[in-house]
Structures are given as structure tokens and as C-alpha cells.
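My structure is below; once you've seen it, I'll send some questions.
Letters are used for the chains, namely A, B, C, D, E and F, taken in the order the chains are written, and counting of residues starts over at 1 for each.
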């Protein structure tokens, strides 16, 4: 999936979700958001933690989201590959299809950014 | 995925599966079916159990199927949201992409039903 | 594990956890608690949802906790077995070791209660 | 997904992945490859092991890949169904959507092969 | 856990489980049993499939049970190690603690057998 | 489990495992080791990545191991809690029993270290 399409789809579905959700679900979204805020650990480290967790749990949407956050946090490709390698070793070959798509998505993010 | 498309795809693939399967696989399908039949627990409660199990195990096809069963069992949106919230809290933010799609599917089910 | 020992261990570790935790972790515990409160769905249904989610995700501590809540909510053995069967069918034979321990724990809860 | 499309997509993404990866990721790919080489266990048995592992972990891309390897290793449909049944019993009904797609993919592999 | 202790515990809990279970749970146990019976695939291959599935899903009780079945089916250590390696590569380093215990259990099975 | 007992048990079982393993398994252990070596990302960040991956996949032995590595890498309690919170939010309440034991283990590590 292309970054632009993913972002649009995610935005639309999140809006609908928050509109229909009860208070407890909304609170969960707030907690989720604040988990990645700069604190004792910097935002860059936290995004890598979110990315690796998403990789080993094998959730493409979560991976794409954290890849964007990593990209915006100026994580470079060498750092990214070391984090992806940890996810691969911990999670095993079952992670490979997500690794392939992650690397393609990262490529697309870099390309889009170079076109601005 | 739209309810109509999902139902058609599911029907076609299930037919092929049962045609090609051995006796043990067919028996599993029968056990799966009877697990949700009215008993000491009513069908409505059982469909919610199936839905929450599908959410925390993160299987979209299973979620769509149980959403339809919940819809047909006249579960209302407030009840659904409380069940989805339990799935979200137990399963974590990794469940969110499935939550978004579940709420969209529920919306589509409601819309389709209002058009009849 | 016996109900009495489990409850003691759980209490001690939860106290230490909340003492050492940051605000966000404490908030998560609060959200977890409120997910099971009586609402559009009654507490009994919600405990069954928590139990089945814990079974298919195969977490003994979570199973023991929800078994106690189910017991206190006066769920009877026939209802419990239907919920456990759904967990078994959805989650597969990998759930069986947890099913065995759940049934033993339920037996112990019933025995303890008959001794009061 | 059709076998031809899957193979093409997989090839293109694997090439990109290996191009961008660091040495450790490349080494993982080599280890993954050698795990299925004929040894004390024959290649046919090893592909079935890979298939069942992929089924219970519910990864479609991994399933499609091992189905092709099983097909090339001359595993017949009766043998395949017994392996798929083990995956279904161990992994539970949550595996069913993957089972359906696996049987469709096997059907397509057989059809493609009969057209050569 | 020692093979003798595991077998005793498992037997006692299975008896209690079947005594308390409803008909559907008993049917699941029967399906589980018949999945490993000699058929188009021999019993040895099926036990290896059960073992690898149990390893990647990380269930010690299931692993111990299938190790015993593999041992009784005269699978040798070299064959076992190749199957365990597939489980390790597919499932990743998260499988390692189970691998360690599996190899210890296999050692104990071999020792017990040499003492008869 | 106490840090001292865990370390001893782990050492003994790892030795047996490497003694009995084939070459591919040994290679996996080497890859696992090198994933956490200082590189573009520092060792401290990598240990946190290993810890969070172990938390969301819910493997106590893996968690204890990475807690020790985090402790040796001078990660402080505030940083640890932020990483554990990410694991909790991503993985959900099913992670809580592991969180409790992780915090107890961290407490024991701190105590042991203060006694030297």
C-alpha cells in the first residue's frame, strides 16, 4: 500500500471509529497516543519500540504507521535495518512478509519525500 | 470489505473447502457450528464471545462473520461497543486496525439493513 | 495453583507494580478495571468475554482471575463449559492445557466455597 | 491471490529487501533457506512442517509459499488434507479463513499445472 | 519437568476435564486424537507436525506430549533436531526457552528409557 | 523467579542445548547474539527493543534476560517504565501478569546489586 493511500484510509476510519466509540474506547486512544510522547526516553527510541512491537505481532497497519513516525523522527536507514533485524530474529521467518512490505513502504516514504 | 462481497466470497470458498476436505475437517466445521447454538448461554452471548475471541486473535474474516451474527441477533450498538472495548483492552493497540474495520463493517450492515 | 495462593501472589505483585509504575501504566489499570463494569452488557456477560479472551490468548493468570469473577457472578458450571467450549473451538487444541487447569481451578473454587 | 501474481510480487519484494538489508538480515534469509534442505528428514516432510507452522501462525504469504513447495515435492491432496487438518485442530477455527484460501490456492496450482 | 511427573499430572487433569466437560468438548478431544492417526501420512510425520506446531505456538505441555509421541515413534535425535530447527527459524528467538526445555525433556526421555 | 536462580537454570540449559544442537541451530544462536551488538543503534536502545518485543510476545524467560541486559546497560527505572508502558499499551491487559513479574524481577536486580 502506498503511504498516501494508507494515510487517507487510516484517517477516514479513525474518524468514524471515534465518532461511534464509547468513552472507554476514546480513553484507550488517548493512552495509546501519550505512550509515544517524549519523556525519559526520546520520541525516536519510542517509535522504534512501537515499530518492533508491531513487527513481531505482525500488524501491517501498525507497522506502516510507526514507519512514518520513524521517518518523521529522522531515523536513518541503517538504524531502521538494525531495528528490523531485531524484530526478525525475535519473531522468526513468519515476520518476513511484513519485513518485505515494510522495506517497500520505507522506500516509498523516501521517494515521496524526495519529490517535495 | 463490503458485507455483500464478504458473504459471497466466504460462501464460495467454504463450498470448495468442504468439497475437497477429508472427514475430520468436515467434523471440525460441524463442531464449530454447534459451539454457537443456543444452550445454557443464549445465542446472543455466544456470538459476543465469538466476536471478542476473533478480535483479540485479530482475524478480520472471523470478525466480519461474528458481526453479522451479532447484527442478526439484534445486539445494539451500545452493547457492541462495550464488547469491542473489552477486546481492545485485553488485546491492546494492536487490535485497533481491526476495531476500525469492525466499526466500518457494522456501519455498512446497518446501512444495508435500512435500505431493505 | 490453588485459588488462595493465586490471590495472595496476585495482590502482592499488583501492589508492587502500582507503587513503581508511572502515571500512564496506572491509567491503563483503571481502564482495564472499568471495562468489566455493568453497563449495556451485564457484569456476568462481561466476565465471560474476559474469560474467553484470556483462554484463546492462553494466559493462565488472566484465566484464574476471570474464573473467580465468573464464580462470584454466580455463573454456573453448564454456562461455564459452553463458554470454555467456544474458547477451545476458536483457539484449538493448543488451548487444552489451559482448559485442564481452568477446570481444576473451578473445582477448587467450588470446593473452597462449600467449606465456608 | 493467484499463484502467478503471488510469485511475481514475492520475487520483486524479496529482491528489494535483500538489496536494502544489512548483513544480519541476509544471514537470516540464508538460515531460513537451509532449514528446508534435505537431511535426516526428507524435503517433503520439511515442507509439510513449514506449511503447518505457517498455518497455525496464520500467515498467508508463508502458506502460499509452502503450498508451492509441497506441490513441487509431489505431495498429493490426501496427504495435504491430513496436514491441514492437524493445523486446524491445533490452531482452531481462527485458522479456517487461511484454510479456505489454502485450498483455493492448491486448486489453482493444480489447474495451472494441468495447463502446461 | 520430568517425564514421569508430567505424565501423571496430565493424566489426572485430563480425567477431571473429561468428567466435567460437555459433549462438544469431549468431541473436540476425539477429533484431536484422530488427527494423529496413521493415514496417507504416517504417524511419525504427524507427530513431527504436532511438535513443530506446538513449538511455534509456544506451549510447553503440548511440546512435552508430542516429544513423547515422537520418542515412542522411534524418531531419532538427528531428525528431531532438524524439526526443532524449522520451529526455531519460523518462530524466532522467542522459541528458544521452549527449545531448551524440549532438549532437556528429550534427554530425560532417553535416560529413562535406558534405565528400563 | 530470583535473578540468581534464573541465571543458573538458563546457563545449564543453554549448555545442554548447544551440545545437542545441529549446526543450523548453533548459527541461529549466533545471529541472535549479534542482533544486540552496538551498531548504528546503541546497545541500550537494542536491549529495550528486545525487552518490548519479549513483553508483547509474553515470554517470561526472554523478559528476564533482557531486564538483566537493560540493568547492566544502566537503563534507569523511569526509562524502563516508559518502555514497559509501550509494551502494555501495544499488547494489552494480557501483558499485565508479565508486567508484574518484570517489575518484581527489576526490584530483585536492584536489591542484589545494592548488596554487592
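Keep in mind that, in the parts below, a residue touches a chain if its C-beta (ideal position, glycine included) is under 8 Å from a C-beta of that chain, and two chains touch if they have at least 3 such contacts.
Only a predicted model underlies this, so the values are computations on that prediction, with no experimental measurement involved.
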{"item": "Any chain in contact with subunit C as well as subunit F", "value": "A, B, D, E"}
{"item": "Angle, in degrees to the nearest 5, of the Cα rotation that carries subunit B onto subunit D", "value": "120"}
{"item": "Copy pair subunit A, subunit B: interface residue numbering same or different (half cut)", "value": "different"}
{"item": "A-F or A-D, whichever has more C-beta pairs in contact", "value": "A-F"}
{"item": "Selected from C-F, A-E or A-F, interface repeating D-E by over half of its contact pairs", "value": "A-F"}
{"item": "Separation of subunit C from subunit D, taking each centre as the mean of its C-alpha atoms, in whole Å", "value": "37"}
{"item": "Centre distance in Å when subunit C and subunit E are each reduced to the mean of their C-alpha atoms", "value": "27"}
{"item": "Centroid distance [mean C-alpha coordinates] between subunit C and subunit B, Å", "value": "23"}
{"item": "Whole-Å gap between the CA centroids of subunit B and subunit E", "value": "32"}
{"item": "Subunit F residues counted as touching two or more neighbouring chains", "value": "24, 28, 31-32, 35, 53-54, 56-57, 62, 78, 81-82, 85, 88-91, 93-94"}
{"item": "Touching residues (chain side subunit C, partner subunit F) in the complex", "value": "10, 13-14, 16-17, 20-22, 24-25, 28-29, 32, 53-54, 57, 59-62"}
{"item": "Of subunit B, residues touching subunit E in the complex", "value": "24, 27-28, 31, 34-35"}
{"item": "Subunit A-facing residues of subunit B, complex", "value": "58, 77-78, 81-82, 84-85, 88-89, 93-94, 96-97, 99-101, 103-104, 106-107"}
{"item": "Residue numbers on subunit B that touch subunit F, as the complex places them", "value": "56, 88-95"}
{"item": "Of all residues in subunit B, those that touch subunit C in their complex", "value": "31-32, 35-36, 39-41, 45-46, 48-50, 52-54, 56-57, 62, 76, 78-79, 81-83, 85-87, 89-91"}
